[in-house]
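Take this structure first; my questions come after.
When the chains are written out, they are named A, B and C in that same order, and each has its own residue count from 1.
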Amino acid sequence: MARVLFDHVTKRFGEFTALRDFNLEIADKEFLVLVGPSGCGKSTALRMLAGLEDITEGSIFIEERRVNGVPAKDRDIAMVFQSYALYPHMTVYDNIAFGLRLRRMPKDEMDPKVKEAASILGVDTLLDRKPGQLSGGQRQRVAVARAIVREPKVFLLDEPLSNLDAKLRVHTRAEISKLHQRLGTTFVYVTHDQVEAMTMADRIAVMNEGIIQQVGSPQKLYDEPVNVFVAGFIGSPSMNFFEAEVVENGEGVRLEGEGFVVDVPDDRADDVRGFLGRRMVFGVRPENIHDKDYVPAGITAAPTAVKVDVTEPMGNEVFLHLMAGDTKLLARVDPRTAMRAGDRVEVVIDMERMHIFDPETKESALS
Amino acid sequence: MRTRLVTAAWLWVLPAFVLLGVFLVYPVVNTVYLSFFSGRDMSTFVGLDNYVYLVTHPETITVFRNNLLWLVLFTATTVALGLLLAVLSNQVRYEALAKAIIFIPMAVSFTAAAVIWRFMYIFRPPQFEQTGVVNAAFTALGFDPIPWITNPSVNNYALIAAGIWMWTGFALVVISAGLKGISAEVLEAARVDGANEIQIFWHVILPMLRSVLVVVAVTLIINSLKVFDLVYVMTFGNFATDVLANRMFKEMFTFGNFGRASAVAVVLLLAIVPMMLSNVRRFRRE
Amino acid sequence: MAKQVIALSKRERLLRAVSRGPLHVAIIAICLMWMVPSTGLFVSSFRPKDAIATTGWWTAFSTASEFTLANYQQVLTAQGMAQSFMNSLIIALPATLLTVAVAAFAAYAFAWMDLPGGEIIFLVVVGLLVVPIQLTLIPVLRMFASAGLTGTFPAVWLAHTAYGLPFAVFLLRNFFIALPKDLLESAFLEGAGHMRVFFRIVMPLSVPSLAALFIFQFLWLWNDLLVALVYLGGFRNVAPMTVTISNLVSSFGSEWHLLTSAAFISMMLPLVVFFALQRYFVQGILAGAVKG
């Protein structure tokens, strides 16, 4: 039962506040990802949980125990560092066994544990090597093996994939997910990469400037971001934002942006009627802007005239950088598109999936 | 978790603190105190008398002059030679060997170096064959041999030359390390911009070596102020070659005047304090 | 055509070599000049007493003069250099070990433990780095005298250790603090205390800098004259080689067969250390560039 609770935690380094009134409950066996840009306080939160930083205000609980002031070694946690932090003068075996030796575990009990952890991570053939003789991927696996061998209550990972190349990263993502299922332990995972967060997390906590912006399942964050920051951070490429005035005439509700106009579908009209005559910030994801000739079935919105600035073919899709009047939009469209840079064309903006934000508070204006 | 166990942390530094306190910090304070006293048992308070003596007595004024001579000549020549050799040797394949040869004197004691240079400076009257290298070279060039150690118009330079021989290796190694730290791309960029090698040296290399040269110069200045062994063994400060550190030793053991010896030490400290502050400031910046 | 190209490049290479001639001449000339003093000492130490006194050492190769080990035999036995060699070892070795050990603990605390005011205390240590030991001689000598320690090895061990500490702590603290933070934190997380981290992680990873410090400090003490002179007095039975040589100079200033061989005996160990462990030695010099 390794529940983790951050209760009104604040961390200050001198004048600088790294973490402000941080509240987060992590359920037992949950895979929670802390994600945000660098300097957002996510690593500070993790290091406070690990016992590597003092807590300025508030409390942290592991299970029902308040761990403020409890030394790292007595918290029954394990951590995988970004740099892996393998002891360069010890063999792989000794690296994995180090923590068990410190607990004076008898050799006949320790040996099978070390070998099991090594074989789970597929490094059982490397036990006699030193870290310097391993590849980046192998080192990362040894670091994970070292962490799991102690069977900790909570498992902390600080950007464990950031030193791997792109292909290995995708592979290792799946491996870590599998490991989580197998171990059934609470995982707290820190990353700046929203793709890692989306693919692995049970729940994600998005952070910015020392404050939690939103906590929820990956799909929830994608579908219902609570503010402009989360909306822009989750999803790749990022959501398009534009300011537009909400106008109603005889035909229905429409949005008048900088040099372009887009209709609001009837079933979303009620969402915006409350803002009639006001300028709001609207968000549309690139995947909700379609080439007029390849609109998926069921989308019936009227086309909008745009100019194509740049096209970026990705093979399975094409990114179009568009100018709708003075507004820049990025569209992610069907690869069969015939649109080329410089063309004046029409695209379909699926306003069915639009997001609305208050221009002052940047908070979501959807109830 | 690093914040607790503060008392444990103090235990780790305790042995070092005790030794530093007993053998460095307390004695320094005590020496300053003693410099205002006089007599065998150091019981007579004499105010600034010891200092007044130092700045008025002709023999000790010579001491100040000599230390100043060391400071300027020894430091300037050693830095210049080290810089020159670093730049030159950087361009040849046998750089490591050349650096090792220049550096070897750093490994031996000043005492041995003093013997070596006394041997270099042997003087025999003109009618005899010269057995010292320097005078042999002088007579071969048609000059009269010179008593380098005892002639007050040259002996300080002779001693300083020995110091330069010992310390150039230090300057060379440190400056050379700094030189290697300058990226080749910066030099190439300067070359592409049309600078010739001499312009590159003055306008690119030298400014980039500035902090390294300061470190070397500060170290050499400190050593020029503290110079003892060379003078002690080569002349014992006789023939107008005395320096502060040797003078202090003499006041202590030859004249038994601990108060005056303490005053000499304090003067030495005062001269070194600016260097100390420079080091502390540089360290804080780093 | 191809021939012409080769010919041209050959000529170019020659031109380049010629134009770089002065560079080589300058470097080689300076190197030779630097070697002359030590070479003279080395050659002379093997020449008979009469030959050294009347002819230059450079004539030893042109005339059919003889070489001898008699000078060494005489200084080692009659002048007590053998005893002094042992004394130098007895002084330098324990004092170096003590310095490194005491400094390593303090440096670890400065680098990785929370010492209130540690920053400022460390700056004081940096300041002590250049304090001339002359400032300590009289009070320490009086202390040793009242404790009956003058002329004993423990007195110089303690004094040398204290004098070496600022540099040693400075060097090791800078090295320890550069160790990857993750590595130590990982060990703390796994349940290691400071003692274990110090002995199991920091020490094994610091072997190169410990070696550099050890070698540097050892040679420094081996070559010391002042501390031995002041605290050991002139007692011959405890005098290290530097003191014995300086005594030889004042009593036998022109007995060059004795002085050259004695000086060379004192230089042998530093030279061996220098050639065998040059890398560590230079590392120590670079790290300690601020030491006086």
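Here, a residue touches a chain if its C-beta (ideal position, glycine included) is under 8 Å from a C-beta of that chain, and two chains touch if they have at least 3 such contacts.
Quick caveat, the model's predicted, so the values are computed rather than measured.
When every chain is reduced to the mean of its C-alpha atoms, the one closest to the centre of the whole protein set is C. Between A-C and B-C, more contacting C-beta pairs join the chains of B-C.
Chain A and chain B have Cα centroids separated by 60 Å. Here the spacing of chain A and chain C, counted between their Cα centres, is 57 Å. Taking each chain's centre as the mean of its C-alpha atoms, chain B lies 16 Å from chain C.
Across the assembly, chain A contributes 51-52, 71-72 as residues in contact with two or more other chains.
Residues of chain C in contact with at least two other chains: 188. For chain B, residues touching at least two other chains, in rising order: 1, 3-4.
Those residues of chain B whose C-beta lies close enough to touch chain C in the complex are 1-6, 8-10, 12-13, 15-17, 19-20, 22-28, 30-31, 34, 85, 88-89, 91-92, 98, 100-112, 114-120, 122, 128-133, 136, 165, 168, 170, 173-174, 177, 215-216, 218-219, 222-223, 225-226, 228-229, 232-233, 236, 244-245, 248-249, 252, 258, 261-262, 264-266, 268-269, 272, 275-277, 279-280, 282-284. For chain C in complex with chain A, the touching residues are 180, 182-183, 185-193, 196, 200-201, 204-205. Taken together, the chain C residues at the contact with chain B in this complex read 20, 23-24, 26-27, 30-31, 34-38, 40-41, 44, 52-58, 102-103, 105-106, 108-110, 112-116, 123, 125-132, 134-140, 143, 158-159, 161-163, 165-166, 169, 188, 194, 219, 222-226, 229-230, 241-242, 245-246, 249-250, 253-254, 256, 259-260, 262-264, 266-267, 270-271, 273-274, 278, 281-282, 285-286, 289-292. Across the interface of their complex, chain C is touched by residues 50-52, 71-74, 77-79, 81-89, 98-99, 102-103, 146, 150 of chain A.
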